[in-house]
Amino acid sequence: MNGNEIAAKDDALFRSIEYTGKNFYYAVGIFVTVIAFAAFLYLGQIISGLGVTGMAQPVSWGFYIVNFVFFIGISHAGTLISAILRLSKAEWRRPITRMAEVITAIVLAIGGLHPILDLGQPGRIWHLATSGRLQSPLLWDVTSITAYFAASTVYLFLPLIPDIAILRDRGTKPRWLYQFLSWGWQGTPKQHKVLNRTINILMIGVIPIAVSVHTVISYIFAMTVQPGWHSTIFGPYFVVGAIFSGIAALLIVMIVFRKVYHLENYLKEIHFSYLSILLLIMSLLWFYFTFCEYLTTHYGNEPDEMRVFFYKFSGDFAPYFWAMILCNFIIPVAILSNKKTRKIKGILFASFTVLIGMWLERLIIVVPSLANPRLGYPTGIYIPSITEWALFAGGIAVFMLGFLLFAKFFPLISVWEIQEGRASSIKEVAHRLRSYLPDELEEDEIKKALH
Amino acid sequence: MPRWGMVIDLNTCTGCGECAAACKIENNVAIVGPEESDMGRTMLWMDMLTEYEGEYPNVKVRYIPRPCLHCDEPPCTRVCPVRATYLNDEGIVAQIFPQCIGCRYCMAACPYTVKSFNWYRPEWPDTMESALNPDVSARPAGIVEKCTFCIHRLQIAKEEAAVENRDLREGDYIPACAESCPTKAISFGDLDDPDTEVSRLRRTARAFRLLEELGTEPKVYYLYEVE
Amino acid sequence: MKRNSTLILLFAGFVLVIGIVLAAILNDEQPIRYNHEKHIQDADLECVDCHRNVETGERASIPNIETCSECHDDTEDENEEIRKVATYVDEGKRIPWKQVNVVPDYAFFSHRRHVFLGKIKCETCHGNVASMVTPFSEPYREITMDWCLDCHQDRQVSSDCYACHR
Amino acid sequence: MSPKTIKFLQYASIAWIWIFVLSVDVWIISLLIVARRLHDAINASVGIGIIAIPLFLLIATALTYVFFGLQKHREVDETRGGNP
Amino acid sequence: MELTRRDFLKLLGVTSAATAAGALGASTIYSVPDHIFNRLVTGPRIETWKASVCTMCPGGCGVKVRLIDSIPVRVVGNPLYPVNKGAVCPMAEAGVEELFHPERIKTPLKRAGNRGENKWEKISWEEALKVLASRLETLTAKKAGGQFVLVTRDDHTTELDFVKSFMELIGSRNLIVENQLEFGVLPVFLSQGLWDAPAFDLANADYILNFGANVLDDGPSPIHYNQLYAHHRSRSPGHRPRIVHVDSFMSRTAAKSSEWVPINPGTMAAFALGLAHVIIRDGTYNKQFIEKHAFGFSRWKDEDGTWHDGFKSVALGKYYPEKVEEMTGVSAQKVVQLARDFAASKTAIAMSGGQAAKSTNGVYTQWAVYCLNALKGNLEQPGGVLFPKMMVAQEREGNDLAGLAGGAKESWFDNPLHARALSDLVSALKSKSPFEVDTLVFHRSNPVFDSPYKKELSTLLSRAPFIVSTSSFFNDTTVYADLILPEPVWMEKWDLSRRVPGLEFLHLGVQQPMMEPLYDTRQFGDVLIQVAESAGLEATVPRVNAYKDYIAGYARDIYLSGEGAIISKSAEVSWIEFLKKRGWQPYEYSTFEEFWKLLLDKGGWWDPFYPDPDPRRIFKTVSGKFEFFSQTLATAGEAIEKNLTGAGDERFLPHFDEPRFDLPDKRFPYNFMVYQIISNQMGRGAHLRLLQEMGGLISREYWRSWIEVNPTTAAFLDIAEGDAVKVTSAHGYVIAKAKLIPAMKPDLILMPFGMGQVFSNGKSGKPGANPLEIFAADMDHISKIPSWISTKVRLDKVDSNDVS
């Protein structure tokens, strides 16, 4: 079968690659400008020192660490969701997984760089190699993020191979790229077997890695004895938060690219509905964890903990705290639990609030604990500087640009998986259903029902 | 191997601030200027905590000089990714300036908030750099610094003792703060040697340590004031 | 093509200028062609005779007119270099030696400790000075921390960071 | 770009992945040794090491397996270029 | 532009600061004049120590300076020196910074623009001295030497003696020594006719009543008192003297006392007399002393047969505890309790300072407090009030220079009641009375910054004929000068520090240069000698060619007297006594040269022996007794008498005069007070970065002024910690951040002094606010000490952008 023929039915998926509109260049231009501005300010930071940020004593960590945690959190969208959906053989995953995986890979790269932005002496980063110490949670991070990045890139790449081969066969330019990356895929059954087997292995492997990454990031805080940080719940709390924000990010990306590239045929309301129910569940779960976290603190009533607690509840950080509750819980639950509002627009709005809320959550975790030192110091102040804002914007711009470029070179929806679905999944589902149900069903009945 | 420690008597400390000033001059700690200070970037290896207790007219004031507490179980050294800070054999929590990458994790982890960061390259008025203490390095921008118990003095004292072919004696090595304290509120010495002033003082009933409940085992002891 | 060659020319010029500036700035030629060999072998001097702090101080000290003038004060000498010394002495100007071995300020390196207490030969770090006929224009060997540490471990002296860093 | 170059690039990338993975593992092992020498909290280090080292190897193995698997199970020799 | 190697490396260092600084060490870190830089890099790094005396404040601490290759790098206390026993305060630490300060005035300057414009033109010393000398010549020719006015400050060095001699020489009595009455001199003068600061033997006292003297922060020698207080506190509670501190706010001194008694501002006289009331009523005063050595305790009859009131009748009349409670805000119970404690303790001292002196009723307040000592009869007793011997050189019939001053028998400067004060300068500039000003010299003095006459002076000075300043730095007063003759800083100077007020022993510290003056500066003593010379006064004056010779002569007198000893390690009195008895000395010196060398080496000389008690030595009054009824005051003359408060005999007795407050207006409900911080006494550290930062060590408002408010008041005004607040008086306003401090009276607004110098260091701008801006320029009319507590203010919350 010829690649062209295979793809003919799904031509829409290749439009973004083979046709470049004006808007693409505008978008790239805007993102590059933002990134260049951020890079310029970062250069300034390297030259004159971290003084250009708003950090000080005792608030010695600010936006960079907040964004680090936030971006790494979003990265959970991806691999984790796609792996879970694949593992649970949810058929509706097919158009979603690719996007999720791309988010993961790009955002991880951005997030992973944030600690370097945060270094006072980035030139000495090689000290990590020559005299790093594994007992520091920071190195756990380095290791686990590297591992996760490696795994998720591979996990993105392997299911991409058949699609690359399709592109190669369609003769899309740059040809050498697709030739190089397709690794000689020809779609033979044995190749399929090899690929599927590996994907399955990775799928199982990547879930614990992803969970561990965010757990370990929470350990950066939880391993210290600082009030508000030293908590056993932090690991799962961060993971839940990460998945939560990841789904929100995924939803936004899906909605945006569906609109931009006219993928309405592939991403249907049902996908959003399913995912948004997942988001709703995560929102409730997040709230549960938040509740647990703060209830124990409040009940324990340790003075130092309480200072941080009230700093968040009624002090300087109260607006952010309550905004977080609003964004992460009240709005999403209100929108998503109602069938009427659980439409694309509503979901988009809820996802945005969740992203903002989760970012606020990271801010609320990082800053108040530092701002309230234990001894008789005054409360610290933290007002982020233009550099920090610019680098935040830069990070987002890098993400968008990365996604855009990816979409420019590779299909955002796994073509071969869609085709595979068409070809074999009805049968498979029927087969599966039959194995679930108590009574023997005739194949015809199921087929009838499915049509 | 000695285990260096400090005892600060809050009873005799009058809060004059000489320890802090002596520390700044001795260790070439940068003076950051008003704008930076307003942001909270003042660098004090020896800080002063002032506590007011009670309400008018029954008020008590307590001045607590606060160097690095050189914990025996330091929360800061565990988290350092590059061993720029570690607990050395003599009980000093070392801060190796050329090794530090500036991640500030130790600052975040220190429950006593003793560390300062060079947000900018420390600068002195042109002519003044000649008067910096040549025994202590001037730090570049982007690294964390803190009280070292005036380690340069130990290095020199050890050499002096070696030249005279003898062991270190009590009083050979004293940090600038302890040396300059007008009221002798700060004593310094070997905590493991039961005969030293510090060992004697820290065994008294008045001795306490800051945030003892955290289990950091600071080697800076305080003596409660008595009225 | 033409544009390319212009660019190359410009670049070459740029490199040249930088090179010249660098050479001018980093020129480490000493003001006087001091001859260690003559002083050590012919005049039978010990290192410590001129580098007087080497056994008592942190720095070995570079001898200047106070020390040189003890022997050289004759501006009439045939040797041009000696005349230079004498001129400095006469005018009471200090000889602008360029320091070659610089210990970074964050390292505590004491000559007394190494020479007097550790009994380390000058040659170990500074090479065979006795046969040098020109002054130092660059350090005899690059002194790295690894090199320090190797020696410290061989001799079983402290290799705690705080033994040297400050 | 000639098929040969592409072949070379493909092999090179596999080699690069192995170099990367092995260097990460060597790094972790060296850090373990350093940790032991400096009496660091060894359990954390070992824990990280035990998980991370095989993990990286797994990733590299998976890639290699796929690569060679795909090469092996080709039906047409695509190096001759163009569409089969 | 010359590009040096160092600059180039710096350039590189911008992009890779870490590596450059690391690899090249000192070369990138230091950027200093080349000769010093060379010494730093190639120098043998040899450490030496030199002894000197710090004169950043009048405390006179002996210091040792650490020099590396002859560059001063650190100042520490001289452990042998008896005043500070090896300790210094942050001000001394900043000495190195002051020495190398980039904004020092490096050459003599002539005004180029208008006054206050701060535009200058360099001139040579010869020119500068010629200008000054010609003015002096004209004045002396006219016999109008009095128009040469010198404003200075007593830092307890012999320089003041030298200056006095000079002024006598040119026939001017218009020497204004700003702080000469600040150390409790006046009550001693009134009661004993002695112009000498009393030394309180705090070390041996069992009970110390301190009326507002914040001796730990701005006493005559803060470090000495810090050590004394700490010494007491280091003893176990049972064996420790009880220190009661009476003040309106809890200063550091109060915090380190056993008890703080809050009191209404300006009412300490009433409180002291209330104590006297209880003591006299109880009959627990020292009857023996009163009978034998006191005059005017009971009613007495003068030669004319008129009966006069005595202290007893005054105290018993008005000052019963309930009345005192009404006046002072201290409960009657407390008054009785303190009086009884005071009377019951073995040795007790009552001392005063701070607001007790700096108020409109300061003289009577200090006097009333001082009289408590007489009730206790503790004069010349251990644990009481001591009066150390005069310096040998002082005792001799005038010193060398004074002797030449035209044989003035009685110095003009020996009567504190007639001493010139800053207020005299203000009125002189305004109305040419009590004297006319032709040439005005400001030496060690910066009244436009640190006096309440700030505003008046700044307008008056711009109209004054000719102003000279000797400051080493530009300051608020220097900008009005026509001529700046910069002095070297203390590390480059020769001087002799002699007896700090309040110390019970004699001591002498040598201030010697640490290095050649960095810039073209000259010491004031030398300037005076040279000016006198070129003004043609050499026929009569200087036998000395340089000020250094003068102090050497001073030291020679001491050497010749054979008394005391060079300070030494075991400087215990008993040890020296032991040696002396056997005719030995701690150090051997057989010639003056040896003595001098040893003096320079060790840094000082002292004489710890207290002479045997002798009433004739300490009571120089008409009656030869301690006078409760001051006949000195009664005979002081019309000019003084018209300023006395009270009615009838009360005028010559300690009494409580209601303090005058500026505008007792409802709009300004709060009392405003100012206090000093040890690291910036009198704002003399305003140009130093270290001290600007250290000033905020306790308040955590580095480089800034702040305003202290009681939390109760703050709650009433809806002010939170850190809010910007505006303090408004009838004379202006200042804005700073609010600090909520419970340790002060609720109706008080408190502000630290020392910030807000307009023309201080350039780079740091002009941080902080000067509370004196809003001061009511009132004073005690007897002593002419400006009142620092008379201002009434209002407090408002404002936008935080206005904070300076």
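Here the chain labels run A, B, C, D and E in written order, and each chain numbers its own residues starting at 1.
By our rule, a contact is a pair of C-beta atoms (placed from the backbone, for glycine too) under 8 Å apart; a residue touches a chain by one contact, two chains touch by 3 or more.
The structure presented is a predicted model; accordingly, all values stated were derived computationally and were not measured.
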Study note, to complete from the structure: Joint neighbours (chain B and chain C) are E
**Study point:** Partner chains shared by chain C and chain D (touch criterion as defined above)
**Key:** B
Practice item. Tell me, please, which chain's centre (mean of its C-alpha atoms) is farthest from the centre of chain E? Key: D
Exercise for review: Could you say which chain's mean Cα position falls nearest to the mean Cα position of the entire protein shown?
Suggested key: B
**Study point:** Euclidean distance of C-alpha centroids - chain B vs chain E, Å
**Key:** 33
Review point. When the centre of a chain is set as the mean of its C-alpha atoms, what distance in Å lies between chain B and chain D?
Key: 48
Check your understanding: In whole angstrom, what separates the CA-based centres of chain A and chain E?
Key -> 68
Review point. Can you give the whole-Å distance between the Cα centres of chain A and chain D?
Key: 24
Study note, to complete from the structure: Residues of chain B that touch two or more other chains sit at 42, 50, 78, 83, 86, 98-99, 121, 134, 137-138, 140-142
Review point. In chain A, what residues contact two or more other chains?
Key: 121, 124, 131-133, 135, 139, 377
Review point. At which residue positions does chain D touch at least two other chains?
Key: 38, 41
Review point. Tell me, which parts of chain B touch chain D in their complex?
Key: 78, 83, 86
Practice item. Would you mind writing out the residues of chain D in touch with chain A in their complex? Key: 1, 3, 5-6, 9-10, 20-21, 24, 27-28, 31-32, 34-35, 38, 40-41, 44-45, 48-49, 51-52, 55-56, 58-59, 62-63, 65-67, 69-71, 73-76, 78, 83-84
Check your understanding: Considering the complex alone, what residue numbers of chain E touch chain B?
Key -> 17-18, 21-22, 26, 29-33, 36-37, 40, 45, 68, 71-77, 84, 87-90, 93-94, 96-97, 99-103, 216, 222-223, 226-227, 229-231, 233-234, 236-237, 250, 252, 255-256, 258, 260, 262, 518, 678-679, 689-690, 692-694, 696-700, 702-704, 710-712, 741-746, 763-765, 767
**Study point:** Sites on chain B touched by chain E in the complex
**Key:** 9, 11-18, 20-22, 24-26, 31-34, 37-38, 42, 44, 47-48, 50, 52, 54-57, 59-61, 63, 98, 121, 125-134, 137-138, 140-142, 179-185, 225-227
Review point. Contact residues on chain A for chain B in the complex?
Key: 48-51, 53-61, 115, 118-122, 124-125, 127-128, 131-133, 135-139, 142, 220, 223-226, 370, 373-377, 380-381
